[in-house]
Structures are given as C-alpha cells and as structure tokens.
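Order as written gives the chain letters A, B, C and D; numbering starts at 1 within each chain.
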Amino acid sequence: MPRSERIVENLNAALHRLFAEDELVYLIGEDLLDPYGGAFKVAKGLSSKYPDRVLTTPLSESGFVGVANGLALCGNKVVTEIMFGDFALLSFDQLCNFAAKSVTMYGSRLPLRLVVRCPVGGHRGYGPTHSQSVQKHFIGVPNLWLYEMTPLHDNGAVFAEMLAREEPCVFFEDKTLYGQRRWVDGDDDVFRFDFLGERGQYGRATPEDVDRPDCVVIATGGTAPLALEAARRLFLESEIACHVLVPYRLYPFDIDPISSLLERADHIVVVEESVAGGTWGAEVAQHIYGRLWDRLNDRIRLVHSAPSIIPTAPHLERQVLVQSESVYATVREAIRD
Amino acid sequence: MPRSERIVENLNAALHRLFAEDELVYLIGEDLLDPYGGAFKVAKGLSSKYPDRVLTTPLSESGFVGVANGLALCGNKVVTEIMFGDFALLSFDQLCNFAAKSVTMYGSRLPLRLVVRCPVGGHRGYGPTHSQSVQKHFIGVPNLWLYEMTPLHDNGAVFAEMLAREEPCVFFEDKTLYGQRRWVDGDDDVFRFDFLGERGQYGRATPEDVDRPDCVVIATGGTAPLALEAARRLFLESEIACHVLVPYRLYPFDIDPISSLLERADHIVVVEESVAGGTWGAEVAQHIYGRLWDRLNDRIRLVHSAPSIIPTAPHLERQVLVQSESVYATVREAIRD
Amino acid sequence: MLTSELRPGGRETAPTRLDDDDLELLLLIRHFERNLLDLFSAGKLNGTTHTCIGQEYVPVALARLLDDRDYVFSNHRGHGHYLSRFRDPAGLLAEIMGRDGAVCHGVGGSQHIFRERFLSTGVQGESLPVAVGVALHLKRHEPGALAAVFVGDGTWGEGSVYEALNMARLWQVPLLVVVEHNEIAQSTPTTLQMAGTIAARAAAFGVEHRRVESADVNAIRGLVAPAVERVRQANRPLVLEFATTRIGPHSKGDDTRTEEELRSVRARDWYLAYQKVFPDQFARLDTRQREAIERITRDVDARTPSRWEGSCPGQSES
Amino acid sequence: MLTSELRPGGRETAPTRLDDDDLELLLLIRHFERNLLDLFSAGKLNGTTHTCIGQEYVPVALARLLDDRDYVFSNHRGHGHYLSRFRDPAGLLAEIMGRDGAVCHGVGGSQHIFRERFLSTGVQGESLPVAVGVALHLKRHEPGALAAVFVGDGTWGEGSVYEALNMARLWQVPLLVVVEHNEIAQSTPTTLQMAGTIAARAAAFGVEHRRVESADVNAIRGLVAPAVERVRQANRPLVLEFATTRIGPHSKGDDTRTEEELRSVRARDWYLAYQKVFPDQFARLDTRQREAIERITRDVDARTPSRWEGSCPGQSES
C-alpha cells in the first residue's frame, strides 16, 4: 500500500482547516490544550493557534455537551470531543433530548451545527469501560446523524458535510485507526480503491477486475482493516472475490449507491465490532432485506464481537473482539453453505 | 373481553407482594411517597406500609440509579422507578457502565438484582421529551435484560423472574396500558388467549381454531392492543387470521417458543411504537431471518411510528404514532404483495 | 460577600403600588392559567400543564430587567416566563390547545416553547449547561447581554446544575440563574430533596447569590437590578433565588398537600394583597384581564387545528 | 463548624517515625508502581495504568482507620488503595499482566478491580452514588461500618458527585469521601477545571469536610480518626480532602508539566523525607520491598496467562 499520512494526521489537519476557514468553529472537551492536545492527540496545535475557540473543560461530559449545544444554538459550529466514547453515555440526554429534539420539536426548523466526536473500540487493552463500540445506542434518534471515520475518506470532507447538515452528528473514531495510514492513491498489490455514490459515500476495495463479487463485505470504518485483511487472504488463497464497502455515514443507512452492487453479489456480510443486539449491522441488514428481498441468494450474515464485556488482558480481549479471522470464517461459511 | 383488574392494579399488587414476601426489596425513585404514590400511581400504598424501603429521591436520575446499584451490590433486590423513560437516558452510564458491566467485568460473577422501571410511549399528549419509546437504546448491552409490561402477563411472575435473574433488567411500561384491563380468563368474542413457551414467554391471541395463521404479528406490550384491534378487524372483515404474539421479554429475543409457529405463517409483521432505526423490531427480524431463512415466504415487515419527534397536540401526535390502522394496513399489504 | 438575603418588602409587608402595566401583566398570567385549569376540568385540554399560580411576580419583576438580546431558558412551569416576555396569550394558548396561530405549531405544547431567544424544555436541569454555552457566546459577541435560566428548587437535585455552575464561574460568563424556590418539587417537599441551601451551593462554585424574600415587584427590581447589571457588565454569574409559593397543583389536580399547608400558601398570594391594598386599580385591571382571556379563549378555541409542516418529516435522506 | 484545615505535621515539617509495617506498605506501593512503569517501558505491559507515586501515604494512613466491614470504592489510580487493603502485590500484578493468579482473572485490569468489599472502576464519579446506596445498606444492617470512596479533584467536575452528596446528607449515611487533591486532572491543572473549593462544595450540602495538609502518616491518623469515627457512629457523611502531589505521569509518559513544576512536586516526595530522617530503617525496608517486588515480578511474569471462565460467555439464554 502506498505510503500516506496517518489517519490521526488527516483528522487533525481537517480540524485545523475548519478552524482556519471559519471563525465560528469551536472545539470543546477534556484535556485539549497543547502540549497535551487531547488524549489521542487529535487536537494537537489547535489551542495554540486558536486559544479562544478551544475550550478545555472539567470532567463534565453531560455539562460540556450542553455547553456545545448552547454554542451551536447561537449559530456556532461546534466540535465536541468525548475522551472515550464510553463516556458519551453520560451525555446521552443532552444529545438526544436536547440537541436532536431541538431541530424539530419547536415546530419549525432550528439548525444546530454540532459534531460529537467519540473514540471507540478495543484492541488497546484499556478494559471494559474504555473500549466499547457504542454506535448502536445512538441509532434511530430522529435528526441525529451517525458517522464514522474510515481509512478511505478524507476527514475534512466528512466534517464539512456534517456541519453543513445543520443537525447534530456523532462521529465515531476507532482508536486503532489513528496510527494507521490512509488507503489512498489508487491501489495496493491486490486491491483497487475507489468510491461509490455521488459524494463517495462508500469507499470500496476490490480485487482488480472483479465486477460480480462472490461476497460484498460491508464494514464500519473501524473494522475495515480487518475486513480488508480477510478479503486479501480469501482472494490470494482461493480467488474468492470480495468487495469491501466502507461507508462514512452509518445512520441513516443509505442503500442507494450500493444497491445494484448488492444485487449482483452472491453473499453479503456486515462487519462491526459491537456485540450483537440492536446493532448497526442489524439495521443495515433490515434495509437490505427490505429493498432486495426478491434478489437475495443468501441471508445476510453479521459479524460481531462475542457477547461479552471487553476484558483488559490482551489474550482475553483478543478472544472477545472481532478479528480478521471472524470475517474470513464468515465469508467462507457463507460460500460453503 | 371479560372484566378484569386494571394493569396498573396488577403492577401495584405485584410490588406489594414483593415487599411483603421479601425484606430485601426496595423501591427507589421520585415522588413515591403516599398519598402521591408515584407519577403513575404504581407505588400506591407502599411507602405507608414499608416506609424504610421506599426511598423517595431528589431529581437525580443518574444518582438514584447509582444508589440502586449500591443497594443491589449489598444483596438487596431493588426496583427503581424513572418517572418518564425519557429520563432513563440520564442514567445510561450507571445502567450500562456500572450495573451491566459489574456482573462480569471483575472476572467472576457478581449478582445484581435490579429492575429499572421506565414508563414509555405517547398517546398522552405529554410532548416530545415525555413520550419516547426508548427501548431501542438499551438493546445489546451484555448482561442487561429488557422486559416490557404486557396486557397478558402477570406482573408478579415477571418481576419474580427478573429478580431471580440476578442481572440488571429494564422493565418498560407503556403508559397507555396502566388504565386498561388485563386480557385474562380465556377468551373474548373473537380471540382466544393463551401462552407459548415453558414459562409462558409469549402471550398469544388467536381467532378460535386457526392453527396456520395468515400472518403472525409480534408486538411489544405497549402496541399489543393496537395489534389486537387490527387483527380483529382483519378477521371480521376478511377472515384474515392473525396470531398476535406478545413477549414479556424483549431482549435477548427468544425465538424458540415461537419458531415453529413462525414457520407455518405466510407473513410476519413486527410492531413497536419507536421510530425506525436500530429498533427492537429490527433485532427480532434479524433473528428470524437468521433462523428461518429457508422457510420464509415473505420478508418481515416492521411497523413503526413516523420518523419524527412526538408532537404534543393530539391531532399531530396521532399522525406520528403507530396506530391500529398502521398494523392493519401492513398486514393487508403483506397479503396483497 | 458572595451571598446575601434581600428582605425589604418581605412577604408580610403590604405591597407598593404597581403601574398598570405591571399589575396587568400579573393578572394576565393569573387569569391565563386559571383558565387553563378550567379548560382541563372541562376536558378541553389534554396532556399536562404546570401553572405558576402564586409565582407570577417573579418573571414580572424580572421582565423589565431583561432585554431582547438576552436569552431566556424556561422550564416546565413556563407560562409566566413566556407571557412576561412576549405578552402573547393567544399564541401560547393556541400552542397548548393545538390551534392555528400556535407559537410552535402545537408541536412543543406547554413545556417546549421556542421563540426568538426564549426556549423551554421539559427535562429538568438540561438547560443550565446549554445556557452556559449561550452565555459564553454572548460574552464574546454581544457583550452586555446575558443568558437567564429559570429553575425550581427541586431541579437542584440534578448534577448538570453543578457541572454548569462550575464552568460558568471558570469561564466567567453572563449567566443568571433564577431559582423559583417554592419549597416543593412535584409532591416532594424541599426538606426531603435538598440538603444544605442554594446560597451555599452557589458559594461552592464561587458564584454570587442573592435570595429575595419579597413578593413586591417594585421592591424586587430595586433590590436585584444592581446584581443583574453586574452579570452583564462584569460577566459574573449570579444565582438569584426567590422564596416563593406554588399555590396551584403541580400539574392538574395532583396536589397532595394538606388543607392547612394550602391555606397558609394561599394566604401569601400576591393577588389577595394587591386586591386588598389597591382595590380600585385592581378591580379595573382584573376585570379587563379576565375578560381578555375569556375573549382569547373563545377565539382560539374556534380556530382550526394547528398545522405542522414537518408532521411526518423523516430525516431528509441525502 | 463543618469544615476545617488540619495542618499539624504539614508537608514542610519533618515526618515522625513510622512503624516498620507502615513504612513497608508505603515502600511496597512505591516499588510496585515504579516497577509497572519499567515494565511498560520494556513493552511488557499494554493498555494503560495510573500510578499514585507521591500519594501513597493517603491510603496507607487510612488503612488502619478502615476495617473489613467497610466498603472501599477506588478509581483509576487505585493500586495504592488496593495494596493498602490487601497487601497483595502478586495478585494485582498478575491482574495487570494478565497472568494466572490475577485477582480478577485479568478481565478488569488496572482500573476494574473487585475483591470482597473493594471495588474500582474507570468511569470518574460513577462510584459516588453507588457508595451512597452501600452506605445506606450498612447504616441499616451493619451499623458502624462505612463506605469510603476515593476520588481525585478533577472528578469534582462530574454532576454525579453532587447528586450523591445531596442524598448522602439527606439520608444521613456513613459515607467517607476521600479526595486526593493533587492539583491536576490528567493534563489539566485544577485552576482550569475547578471553581471554588472542595470545602465549600461539601458545605453546600451540609456535609462535613476536613482538609489535610500533612503527609505524615501518624499525624494524619491522629487528626482524622475522630472524624472518621463520627462517620461510623453518627452516620454523618464526611469529605476528607488531602492536599497531595502526583509525582508520576497521569498514565505512562504523558506528563506535560514543566521541569520546574516537576522539580517542585518531586521535592515534596515523602520518599525523600523518610529516607533523610530515618536512613537506617528506610534503607533496610526499601531494599526489602524492592527485592520483594523484583521477586514477585519474576514469579508473575513466568506464570501462564490468566484464564477466564466466561471468556465467551454470552448472556446465558433462558
């Protein structure tokens, strides 16, 4: 894969660009000031350049999301950082009962430009309260949009879209991606990268010259690298051709750009790190069944982590979390069945 | 339908029995003391009889669920009342990150006997922040069980089961049910009532003598009356025979007691009041597709409220919320398609 | 000293004369809400409503101290707050009855109102941090304006109140927290839900506090005006606590206080005080407002149901 | 008076002589955690860990004031709390390294420990209301026992702290809130995250408060014992605030304080003070503990990975 910037650099650059271009942009959250620059360093350099618009807060996840709501209410564009997505549960009321509701509950449209960033996911040994994939809990709140960072999409464009929406958005960032490099500049040895949809909503990895895939694998940004690895093995070992699709928007799920591809696929697998139960994957499946019922050759298979809290020790964590092998095995099983 | 006790009476009696039989039982929440007895009067009489074990709290939804967790940690059996389920979002962290996690995250099993009661649902003109169906947000947290009050099941038995589970449970109570009468004593003019599953997990309404239903309608406790009304019209108007299934446990979804019935059905409809998106209905559908893929004649159809906040004025609220007509129309559509 | 009690013109003293405008506003709110309770009893309203009967003088006293650039965050008991700001009984009644001309098209109802810089919601405590964000914005872009939040005593049970006070003081923003301390929350007396005092809770965060015992609109204004001005000029958050009385039920017909408590509460009604001390002015304005509300009610009741553009909006897929 | 500063034996005074057991416990914690940082540097640990280097004396001083019937709620910076209660470095190290013999089978790791009546979690502020529930239970069923919660100064940003204090005082439960006030939260100095004082925040809820400046274990015990006893006997919640210093990084290698700050912080290390004033006792015990930790580390490192029954448990469907 060609050498490219790290994803955390791309995200940091996106924020720098936002701040530079627009005086209405704020960032608010814990431990944001330089030299620390946020727990995952996403805020690096911002507080030095824009001291007035980077608000480092006390430990008050509910309170500072409320402050963000107030700033947004006055027309600002507010990016909020929750240190660990697990703590977004502390802000649930502000997000759902204030931010999302306010857009419509007063009978006329009240625009709110707000993005709540949530680092999520495990594989880092942070333990059960610092590793969850909390996306599922926020699905299905009217006027609350869910996005997720991917290895394919430019975060600058995604942030521009979220803020232009004028409705609150949650942006999930899988922690394992921060240090990885973006998938850009065309191809790697096996895969070609391209985008589907008018605005490139879906990043796609395909083995060269395969139009009718054996399997379409839809994966969240965070699990995309695992899906890609599985797809690579399947192709190299057995010439099983997967298209790996990675949307930058999770909810509402947008089937249009991929529905003709899905129709052509023999099998469909959806990958996410969350444990099963009310997940994004189930939501995706529900949409596909609804739209393509007559054309499906096989049921849709979901890949999840084991139904468990996420243990701390690496050997235990590994047993619980989705791995590339789980994706691999599920595709194989689909093809064998 | 034969005259029977009101559902709120049954629930109140269930709590009275719990308190009488077991000194470890607590009830905690806002405005619980007599003569008020809780906003929906579910607690009536308890504080007079058991003043030490009914804790009326300040407005502190996060805090008092925490207190409940602490009492449960010491071996007590704790029932918590959130005045409106919408405010359970304020306690999300205590429920998910403390109660549910504690059962397993310390490496050995820590029993917690806790039931968090949440009145949910609309049709009462309480407006957008007091009418939501928040079930969906709590689905898929390991060791957090979701139950819902139904017109068929005895709440005493359900509470006994929840507390015996020794893991935290959320119990949703559709506000429209409180004043309605239970469906008991066998039959009404059209339907026979019975139960499926070893522990009667599913209440069922069937037109007499129909074994192979045209449609199985699975409904939450709160939407069960709407489903029944639709089923009645369909039968009387067109002899379309629906089996209406009402589980008292929402999550984890238990397909075993009904899977052979589902196999025999031409169509399956799932009804819930929530707006679409990451809902219980999608979870149910996902399970059915997974288990019965080869035997399904039709896609599973979900009935939801319109994707909107819930307005206050009755004429607007009606346009948004699931009505009996939506169920009726969906079954008709399924049969016509 | 950060906290002080403002006693002059206490509840037992006879009230001073109000100009017609003030007294009329007081009576407007009173008749508006009495009428709501009647409409409920007559089955003409559904859902819920929370009247501020007995507390009307708080927003009326503050009305002249606030201006259009200020944001006001109201709560479940917000009719008085709204009417003091907009004098729009028809728009509010239409909202509550779901009729044409409703300020929020009938979507928000009694508890969820938005108009210009006025906003209410039904989740207690949620508005405080939001108001801090607004106040921060005002400090930077509209110096001299403030964000006011009305809360009850019971709402001080919510953690978000403290998260907000902490940030308000750290960032020195023009936040005015108006506490309508009526010694009760729904059915729960304050003694069962609040340890310590509001004064001490403000002091805990280095936030200024004033407690007002008086129910005399003129006296209140005189007493609190300088402190409110300091909020604007010095960006110093202020907690302004009013010792007040809720005379009506929490919502409708759900008052579980004893007859004795209710008697004592009713005896402190400003309505009786002004009636007694200024009988002529009172009678004239009282009649006028009563009739106005009757007229408005007939008018609004006759209107068609409110319409809402987004009645089945969906998330505009794109 | 509800609040007071306990100064005798302040940070600048020379420490009094500790018995071997106390000093050994202090040194055990110190060497345990230094060793953790070394293991991290050597790539032998993953995830995160928060050392209490500089603060060890707080749990050590309290250890003898707590007994087995007491519940202890610890936080992210909990090794000292755990070791003071159980003196079980092997079990804790095994937990952190995920080895056989781990107190929680390696599932909880550094931040999520449960053993008998000791429980820690990584979500700041969450434990306080839980401890109120526990204290209520103890008051009723095991009078004389208390629930202690360790929190940092930064955690006072969380609303749940105040919801808990309110209920603790309303219900008069034996709650002991131990505040390790090290003037910093992760990277944020207290001046940027806390308005007012902890003393005033306790007072706001009518909760007793003591601030301890001393780092002398003996002196601390003498000073705080009566107040802790009152928690037990009179069911009076107490906030016990220790002015202390975090000498190490927040977790590993993430200290952004200036060299100058760090110098001043290090100068206040009890380790240096005891070393200087009681060189012989110190050297003997220091060596013993250092060696003990080395031994334990070799032992634990050689063990097989921890096993967890429920490693893929699922919700036992039924």
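Basically, a contact is a pair of C-beta atoms (placed from the backbone, for glycine too) under 8 Å apart; a residue touches a chain by one contact, two chains touch by 3 or more.
Everything numeric here is computed off the predicted structure, so don't read it as measured data.
Trainee: From chain A, which chain is the farthest off, judged by mean CA positions?
Mentor: Centroid comparison gives C as the farthest chain from chain A.
Trainee: Rounded to the nearest whole Å, what is the centre-to-centre distance of chain C and chain D, using the mean of the C-alpha atoms as each centre?
Mentor: Measuring from centre to centre gives 45 Å for this pair.
Trainee: Based only on mean CA positions, could you tell me how far chain A sits from chain D in angstrom?
Mentor: Chain A and chain D have C-alpha centres separated by 36 Å.
Trainee: Between chain A and chain B, what is the separation of their C-alpha centroids in Å?
Mentor: Once rounded, the distance between the two centres reads 31 Å.
Trainee: Could you list the positions in chain A whose residues touch two or more of the other chains?
Mentor: 57-58, 60, 62-63, 86-87, 90, 93, 97, 104-105, 107, 127-129, 142-143, 252, 307-309, 311
Trainee: Which chain D residues reach two or more other chains?
Mentor: In chain D, 102, 105-108, 112, 121, 123, 156-160, 163, 166, 170, 192-194, 308, 310, 313, 315 touch at least two other chains.
Trainee: For this assembly, give the contact graph shape among line, ring, star, complete and other.
Mentor: Its topology is that of a complete graph.
Trainee: Residues of chain C touching chain A in their complex?
Mentor: The contact residues of chain C facing chain A are 102-108, 112-114, 119, 121, 123, 126, 128-138, 140-141, 147, 159-160, 163-164, 166-167, 170-171, 308-310, 313-315, 317.
Trainee: Considering only the defined contacts, which chain B positions touch chain C in the complex?
Mentor: Touching chain C from chain B are residues 30-31, 33, 35-36, 39, 56-63, 86-87, 90, 124-130, 306-309, 311-316, 319-320.
Trainee: Under the stated contact criterion, what part of chain C meets chain D in this complex?
Mentor: For chain C paired with chain D, touching residues are 156-163, 165-166, 169-170, 192-197, 200-201, 203-207.
Trainee: Taking the complex as given, what residues does chain C use to touch chain B?
Mentor: Residue list for chain C touching chain B: 46-48, 97-98, 102, 105-112, 121-125, 154-159, 185-188, 192-194, 254, 256, 305-306, 308, 310-315.
Trainee: Note which residues of chain A are touching chain C in the complex, please.
Mentor: These residues of chain A touch chain C: 52, 55, 57-58, 60, 62-74, 76, 93-94, 97-98, 102, 104-110, 142-143, 145, 167, 252, 254.
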